[in-house]
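Each chain gets a letter, A, B, C and D, in the order it is written, and its residues are counted from 1.
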Amino acid sequence: MAILIDENTRVLVQGITGNVGSFQAQIMRDYGTKIVAGVTPGKGGRKVHGIPIYDLVEEAVQEHQVDAVISFVPARFAKDAAIEVLSSGIRFLVLTAEGIPDHDVLIVLRYAAIKGATVLGPDTPGLISPGKCKLGVHPHTMFMEGRVGIVSKSGSLSYEVGRVLTKNGIGQSTVVGIGGGPIWGLSQEAVLQMFEEDPETEIIVLLGEVGGKLEHDAAAFIEEHMNKPVIALIVGHTAPKGAQMGHAGAIIEGEEGTAASKITSLERVGAIIAKSSLDIPELIKKKGI
Amino acid sequence: MRLLEFQAIRLLAEKGIFVPKGVLVTSPKDLQKVSLPTVLKAQVPVGGRGKAGGIRRVEQAEEASSVVNELFDSTIMGHPVQALLAEDPVEVSRELYVAYLIDKQANMPLLMASSAGGIDIEEVAKKTPERIIKKYIDPVVGAQDYAIRSLAKALEIEDVRAFVSLIRKICTIFQELDATLLEINPLAITSNELMALDAKILLDDKAAYRHQELFSELESEQKYLDRRHKSRAEELSEKRQINYVPLGGNIGMIADGAGTGMLTLDMIHDAGGKPANFCEMGGMANAEIMQRTMEVVLADDLVKVLIISLIGGLTRMDEMAEGIVRYVKDNDQSVPIVIRMCGTNADAGIPMLREAGLDAYEDLATAVQTAVQQAKDL
Amino acid sequence: MRLLEFQAIRLLAEKGIFVPKGVLVTSPKDLQKVSLPTVLKAQVPVGGRGKAGGIRRVEQAEEASSVVNELFDSTIMGHPVQALLAEDPVEVSRELYVAYLIDKQANMPLLMASSAGGIDIEEVAKKTPERIIKKYIDPVVGAQDYAIRSLAKALEIEDVRAFVSLIRKICTIFQELDATLLEINPLAITSNELMALDAKILLDDKAAYRHQELFSELESEQKYLDRRHKSRAEELSEKRQINYVPLGGNIGMIADGAGTGMLTLDMIHDAGGKPANFCEMGGMANAEIMQRTMEVVLADDLVKVLIISLIGGLTRMDEMAEGIVRYVKDNDQSVPIVIRMCGTNADAGIPMLREAGLDAYEDLATAVQTAVQQAKDL
Amino acid sequence: MAILIDENTRVLVQGITGNVGSFQAQIMRDYGTKIVAGVTPGKGGRKVHGIPIYDLVEEAVQEHQVDAVISFVPARFAKDAAIEVLSSGIRFLVLTAEGIPDHDVLIVLRYAAIKGATVLGPDTPGLISPGKCKLGVHPHTMFMEGRVGIVSKSGSLSYEVGRVLTKNGIGQSTVVGIGGGPIWGLSQEAVLQMFEEDPETEIIVLLGEVGGKLEHDAAAFIEEHMNKPVIALIVGHTAPKGAQMGHAGAIIEGEEGTAASKITSLERVGAIIAKSSLDIPELIKKKGI
């Protein structure tokens, strides 16, 4: 199987009747994801794209086995909805919402730890295991089944790189967006570890941005725990120092946050540095994959 | 939102934390209200103002008047000084550092303190990190007294009770106001109390809806005092809450994701072009946001070419195309627009653009090269 | 502390929960303030007062006056009626039951509700327990809206938003005031709102120190309205906060533990004696508490013999002996005292008793037999 | 070994400089309990009865291996102190304080569950394993080593029964007071289970009071899980209905709370009913122990 999800993962979509939830649920279902149920308070008993809707997660899990939830619940209600999922005993939650207050995210992540559950996000596009399961909002035509694992802080950058790889006939095992906000659940290191252990993944592409010290931590992790080759692309080398370029994560914090310093760290531990998304297919091919 | 010092200090005082007696001075005539001697502190939203001459102690009226005028004429790290906090001088026996913040590595609230408080705290953190004491707080039970007592011991504080009471108040403010950082530096030990001499508070904009009154009050104060020169594009972006960073070049840029936005900038740069700005719409953009974002970016007269870099995941390309077409129809503008469009519903979006006479590239590199070439040709 | 209805209702109203318009009537002349028709509700701290005639609807002034006099002359389940709550009648379309409490089986806060609200709720709970809906709340995250929505659905409530808002308020009160039970029954659905028609609130006496002002206000109101006849021993025990239950017999009993206290009563009973009271000092008793407890128990004129049953774990027998000896020295009393003493520091305590001319048994059964025999002999 | 503690248990005494803490620490130490450290804020660096005192639990655990804590911290500060213990990773906490607010107890117990720790009490005398270890305030001369396990809601009643047994030459394996208040941590059922599994315990004495439905739960547990004989004594059969006889636990709640109803439940599942503490030695001897 790929990491985290596969063709057997049974999915509940939380917030399935909103514009985004309904639209994305249909795309995921059409892609082959096993969506067994949806939840929207007050809409229980109806169906969306043939998927049964419940008012409450507890009702859905009484009727269906649920392995994972993808939540399209808006930021203001996301904490309540996330705790509903975690309390019901479901062990994997993808939180797509952008703009959840940090204090709410803290509680959700801590509660997930207490409940032994994994939270991907918030502010994540989710993840896709091409050809098997899509638990996210990726433009899936840009991806194909294969042996490259991608982990990215930025959703859009992972699409771009997926697209370039697919154009060049290089498929992906799983593509994971860890989330664009200042705090998030499943860590980059945890994903790297899963790729290291996944027999279907042969090489990993790590995508980062200026700001934070995420990639320094990744470098330390790679040095200690990774045998598979890692190709890294850090965007934003032309960003002026101190400017906030979108994500709060992309604030340049001292020297550590610059693209150059991140690249140096990663190079030191043997990661292969891509200058642009366009270089990546060639770098992968050089590794004989 | 980053609070100005006087706002942060006022907030602490309201919650019962001791602060120096102070007066806000927004014009030289406010000096009447100030008792001398006094410490004049420039209200600018940046650290290191003390070293940059933004904090001045004055003894007499004449001196005060000339220093106030001097400060009002000055700019500190890019910020023209519009207000001063005039505080009564305080006899300090020790200067501590305390902060409560969300630690983004551990995903935990972190209580932090040092006995080496004052203006050199960043140096201390770099050179002698062991002098910064850290206590992670489990958010499901909150800060318990024992953790605070542990800090007090490390700081060799005599009046532990007063310290515990102060830190509890900080924790309450942090929690109640959705702060992401609450820092007091220095926290002064005076002859008989603990007193906050300077404070930095960051409130979570994402939680503004829970504190509407407070946020709008703080914001309007800040706007009133902020007289930096702003371009039309900047003003428009603030009004519309669009993430816009001017960069000074001539190629305008709009992206639907931060990652591809930065990649696009890098590519423009590598191809020899000069980005005019960074602008990202976020994952929830729709036709209206697209249209309004174009209005912001094209309000910059320096922009000679606009590149729109779209790779929809959550964003739907049919909606983006609709916004672009609407903008073009509503505005009589001559700046050439280069569009990169692929991803969710691009099959629907691209024909809409073509119908309006606009072209779209599927490949980002090609779009960037085209834009850079057009900018050079103009 | 169990709040009287009017106190509970007032507390709910202060927090924004809708309640009927009402007036407290403590004497017939308060009727002037009451608008008619009205519902007169006896303020007694017991359930089932409705069935006992403690709730009366009156339409006219004359009727009101006679019913008020009748109620003030009555006693409901042992409680003389000292106050009435006069409330405007409310048109009710449905009566619900809601409660938030600490569930002692699960060690968790429990949110509980039923669509079968009203005076028969206890019958409902016994006969059709499935009609009582229960939601356990994890105290480290508190009551989330989804749990409340789940209740709302089970109760088939139309205005879910109003219900969620109400239950949130209940949860807040529960948390902030250290309540152990907060029950609204019935919670009425009227034409346009949810309204609390009766409420029962238990506050945790152990947390009184956190809410001193509120507790003392509620307590003094209750004392003012409580005109039950109390014996001198009861009054003294209340004043001294000593756990004292009068039982009507002639053998006074003081124990240093609830378990051995009850065992002692059982043994007195089995030996043919009649306990005058139950009185337990708790594990932290010292000499002073011992002395004061003797003052309480011996204030009961019916007591012919006193048995003191001590088996110190936390309690130290030297301290107990000191208290007993002090009482005996300070008071000129003639009631024989039988002491059972063993356990922590009994080696020191027993000689102290002997020196004061008192004897002590090590064995409980012997002490009980002696006391029962003495009571019979008198 | 006995249950929960034995001669190797390394103990920290929290609140060791107060009147009670200091007095009881000395008794425990003299009895043979391995007290390795004490904690009282502001008293760090001193010694009590030769036991080193620390300001903070974190300091004590840096210097000593600690298996269990007995807390004599007063009710008002008990929650803070308990969370300090649980946060430090210690897995067994005896909370002696009476009068801790219920809301505080709830949080402490929930946090203990999160941390995988066991809390005995609050409002408990603790426990004693005669001849091995005393982690409590029991008048220990009333106990002797042997094979009877005692579990009691009331501290004083367990002393009384221990005394009667010891006078009759019958020793005890472990004597546990679960706590006198309305809510408490380690349950009667959990203690029964431990006795059932403890090779040194041959018979169990269950001590209860009127009020609550604790013994009904115990009866259900005995029926399903216990093979060893259980002798039960329920005191308060002469208590008038509705009167509160001390512990909040001893309020008669409907029929379930009466002594008679509890005795009926326990008899039904084969427990041997003692009418008084004095009967217990005979009942044990009848079982051939």
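Keep this in mind: contacts are C-beta pairs under 8 Å (C-beta built on N, C-alpha and C of every residue); 3 or more make two chains touch, one makes a residue touch a chain.
This structure is a prediction, so every number in the text was calculated from the model and none was measured.
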item	value
Computed distance of Cα centres, chain C from chain A, in Å	55
Separation of mean Cα positions, chain D and chain A [Å, integer]	49
Sequence positions of chain C contacting 2 or more other chains	138, 140-141
Set of chain D residues in contact with two or more other chains	107, 111, 114
Chain-level touch network, classified as line, ring, star, complete or other	other
Which pairs of chains touch, using the document's own definition	A-B, A-C, B-C, B-D, C-D
Residue ranges of chain B touching chain C (in the complex, touch as defined)	140-141
In the complex, chain A residues that touch chain B	20, 23-24, 27, 75-76, 96, 98-107, 109-111, 114, 123, 125, 136-139, 142, 152-160, 163, 180, 182-185, 207, 209-210, 212-213, 217, 235-240, 243-247, 250, 275-278
Chain A partner contacts - residues on chain C that touch it in the complex	138, 140-141, 144-147, 149-150, 153, 160
For the chain D and chain B complex, residues of the former touching the latter	41-42, 44, 55-58, 77, 79-81, 83-84, 87, 107, 111, 114
Chain D contact footprint on chain C (complex, rising order)	102, 104-105, 107-109, 138-140, 175, 178, 180, 204, 206-207, 209-210, 243, 245, 247, 255-263, 265-270, 275, 278, 280, 282-284, 311-314, 316, 342-344, 346, 364-365
